[in-house]
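Both complexes below contain subunit A, partnered by subunit B and then by subunit C.
The block that comes next holds the complex of A and B.
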């Protein structure tokens, strides 16, 4: 009983529970849900959200928030395509991702300097840069869709890791861009768990005051956080191009709340200090599942947003309520034991 | 004479024109009208194409027809531009508003100043002389459904997309299409509610994947936002269902081109902004000259040969259908 309670109290536990419950209900309504093909579809559909979410998780863990990541991603993806088409050179696909990451890191640096350097509020700064980056993209880089993307990108989009048939005989495939998510996951997991920098991020998120007193150079760490988050957003943008096989400057912006919801659902707290790579991926999985399977469950379009909202409130609220109850119970117990 | 002079300075304001102009004043029809088209946003392919139409009209008629538009799709910037045009005392303003409601006051001011106002994509505008719409939304929806039904052979399951469930135009297209299908093609069935793509290709893709999984016998998809058909086509292609699922909808060649080429998208429709630009300017000229516009009239512009007049709103049948055969005629 105690162990079960502990699982419930941990954010990942509750998300996992929600995911399983949701999957069970879906499976009951539509047995076609329980197939490997569904899993592959989910992995494919959650790809861009997942990469974005990992960057946002790091920012949340440091006690900040970043709503500008989608604009960075859109800017990086469009600028990369413009540059490559402009120089007209055959580059390997990896170079595209490097260019996008560098552009993303550059934009992230602007966030970092404003937040870390000048000490401005993260929400205000990133709300500003969300509009700033997007405006700059549409004003200076263009508003036209790039539908004739380079051959390397098309070839990469057609590269498939796994290809299977689903229950009704349609092909379902996991594109090679899934490897980008895998790579970002591994690198970020190492940074957050096995480097001093990662520890500093959590320390700042836990208590900035305390972190400063133990000698952490907060400004420098914060700038670095936003640079890394920017680079990750750039990678997400480039991944988006390889999935859609076109670069639309109006894409991506608008999904930031979905990404933040996934991260929060995955156990990161807006107040900072908490957040894990695994939890975030779980949160992304749940959000993607909710977003892309309600149709299968026969939920009408108008109801889908309502259901998504309810699940986010329950998913993020329940762990906090359980946590508070547990503490309350502890407090009630203590005087008895003492007496 | 003093009156004539004032008219002249207001109209042409050029000393050189005085001699020629003296005759023109007596025949208002022959005068050079200054008509300015205010668009939502300058520099994008759609309105560049409209400008081509405006220039063509100017070259053809000799009227002073030009196009302006703000650098960002902002109603406030359009209001400023129209204020300037009122101060310049142009003869007519044609406008594609970013937000019809936001422009009502300034357009009212223009009308009070004796300027003719012609709207486009804004049938709800009150302060206009006329409003020109490329087509009646319901008729367009039926047109798309007819195309889809033809492609599907008049039977089978289909689904429809709208950009947003709150987008009025998209819903009007789709509602009319569904009603038309029920009446004319009883062997076709709509599998689920209107789906929302958020005007994002990837959302349309994901929803289509889900549709195919849930309704394996799906044979047709009708899109509304420009991205809908593209996302649907990608999903169909990936699922290995090329040719089995017919896709028809509103889009542009610049967006849907690659999929039209492969035949993954059967047909896209849109209206030609150049033609709309010419039609707006023609209507503005007629209003300046005091000519009446009547139901069933021919504006002499392709697609506007038998207009339907409903109050102040004129509807054409100016949709353009594009398949793999004629996609190279359109560069926007």
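The block that comes next holds the complex of A and C.
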């Protein structure tokens, strides 16, 4: 295979190619696209999706799927705000994230026990808990917006890492919450690549039976996976608050398919065993770019769905078709009779 | 290890193992011993209790009574315990991680047993490379396992056991998927490791291999040890008799000669790039033709091309004298061709569906009137088929997965026979089937052919071809290199013809 064919033979390759193509077209239409301001805009817009996606990537790598992450995020975000406002204490901002992560981990534990402990199907369980967590949030914690968020949250959301002027003279800024994504990325990359636990996740995704036979305690690992994914979802929820400066219990739920799409475009396979931190971020970047730029260009929002749908089908389908064609061509090159 | 100072003592002992699943007694007072550097064969037919014994040994299943001890230490019901004590089981499917690299697969067991928290990449990779070197095999340590051929996967599985300093390696039917030359290589490696003091428990029902590698044999039948001793005390006949409880001769099946008829299917100059070339072939009603060749000789592709599953690049196929082009297997099925695939488990059967449904699924239209399927008629046909083919089951409703290998194969046969095919192509009809059932399947095929069906068998099992066929074609590197009258050829001649590729 030549270099170009190789690019098209992997989902990341296609996604990356489409992203570059997309950016070039946008750049031609609107030269202002190629400015650092755009990058900052994208980083900001993809922040919450990115954090969610990293947790989902780990679940996919283990051969499972988690659709409940957005509900966990929403629950953790709202519950954290309720708790902090309830106890009325001055906590450092880091404590908010810790509380949200712990709540998320607790909800993840419910997923983990049902999936790892009882051995139930991951899609069914997380579909159930998606509704369950969301319902519990709206029924027991409340349905009102919390607009008077604590001062620490406001301060944190005003902390800016970078601020620059974009083409039309508006200020674009990268908030400090971006550091949450950076931290989650680093921690998850270490877990997945440099700990035996992370390798066990891939092993289970590759073959659960084989993992069991070499003495990996599958139940324990699975529970842990969902606890970590839950904690990451909690962090995503809290990050969302720091961006919007209010806690809306109706937020977040609904974006789970977008998140899963990003993860799959990033090269994780729904069948398990594959998925990388960098690939996932790339997937998030592409989806965010498409969503944001189409919106900026005034294209109706249902076009975004259409484009992303095409990208998922092409990104995951084309490598299979190309592989099949390459095999056929390779066979036709061989002489009649067996090699 | 203390056993090195005392080489005569058994390092593995299984005493009075008993196991029952509900009312079914699977193992009864089984005793088994293994010494350092000993290769023991655990022989027995399917359903004799071999697999259960291995599961108890590896700690996956607990015994109802009895003890397993390794180096004098008793093992509990814990897979980790057995692994850390130096016992590794290599399962038939190898139990590797297809998505991970060779080195990571080899090193994984060690990472798990040593309870590492940090993934020690370079140390594990070095360990894997050293282990492969010690085995004198060349496999790219960075290649993902899913891209390896079967034989290399087998070697990776062995390397994983060795890397973890296994002193006892249990191999569950390790040669099922290997070609003859690969088997020979595997046996060389087993021989070399044996000299290093590694002991093997070799589970097999292939008689020739038992004699090729093993020092001692334990034969299980119906969950009990029927005979045990050094291999020198056995010959093939005695071993088969011990396994089956009856004497099964591997001689040619008796048959009435049938008159030569016009060919049902004739292929001329058939070729497919990279698979086979210049194949001329005639398949007649009332005749069994075997195509014998090694794995990769093009035998499977030829069979699948005749069934329309693959398309030829050259040559023509005629049916009843008409030239035909099969666009897909549906066209071939239309013309009365049936194909029983090599891997009945993945290609042929719906394992979790009832036996009856599996039998009638490809002939639903026979029980259909005005577009409505009659369940009663389906049931009746399935029951008749079960009776005719002597499938051992109380009823047609249990899932196919509950049947033994031989009986599963009969279900596949039954399905195709329901369609009353004019040509039945079978690919490895008795792979994974025990000696007794094998004979019965052969008898069934002979009687089917005498009733006027053309039968083509693709196999690498030479005794099978001899026992079963009227005519034998040998395929080497994609070409038919020789044809024999099965009644007039002996095993050695045929064997030499089949392995010509290896000598060239």
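Rule of thumb we're sticking to: the second predicted complex is superposed on the first by the 307 of 339 C-alpha atoms of A that agree within 3 Å, B and C clash if a C-alpha of one lies under 4 Å from a C-alpha of the other, contacts with A are read in each partner's own complex, and residues count from 1 in each chain.
The rule is short, and it goes like this: a residue touches a chain if its C-beta (ideal position, glycine included) is under 8 Å from a C-beta of that chain, and two chains touch if they have at least 3 such contacts.
Fair warning: this is a prediction, and the values are worked out from it, not measured in the lab.
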{"item": "Partner chain(s) touched by A:246 [first = subunit B, second = subunit C, both, neither]", "value": "first"}
{"item": "Which of subunit B and subunit C A:332 touches, first, second, both or neither", "value": "second"}
{"item": "First (subunit B), second (subunit C), both or neither touched by A:206", "value": "second"}
{"item": "First (subunit B), second (subunit C), both or neither touched by A:216", "value": "second"}
{"item": "Touching partner for A:170 - first (subunit B), second (subunit C), both, neither", "value": "first"}
{"item": "Partner chain(s) touched by A:88 [first = subunit B, second = subunit C, both, neither]", "value": "neither"}
{"item": "Touched partner set for A:145, first subunit B, second subunit C, both or neither", "value": "first"}
{"item": "Subunit B - residues contacting subunit A, complex", "value": "41, 43-45, 71-72, 165, 192-196, 198-202, 205-207, 209-214, 216, 227, 230-231, 234, 238-241, 254-255, 257-258"}
{"item": "Of subunit A, residues touching subunit C in the complex", "value": "193-200, 202-203, 205-207, 209-216, 272-274, 330-339"}
{"item": "Of subunit C, residues touching subunit A in the complex", "value": "58, 60, 79-80, 83, 89, 91, 94-100, 104, 108-109, 111-113, 116-119, 121, 160, 271-278, 296-298, 313-314, 477-479"}
{"item": "Subunit B partner contacts - residues on subunit A that touch it in the complex", "value": "30, 32, 37-38, 41, 45, 48, 135, 138-139, 143-145, 147-148, 166-173, 240, 243-246, 248, 250-251, 254, 291-293, 295-296, 298, 300-302, 304"}
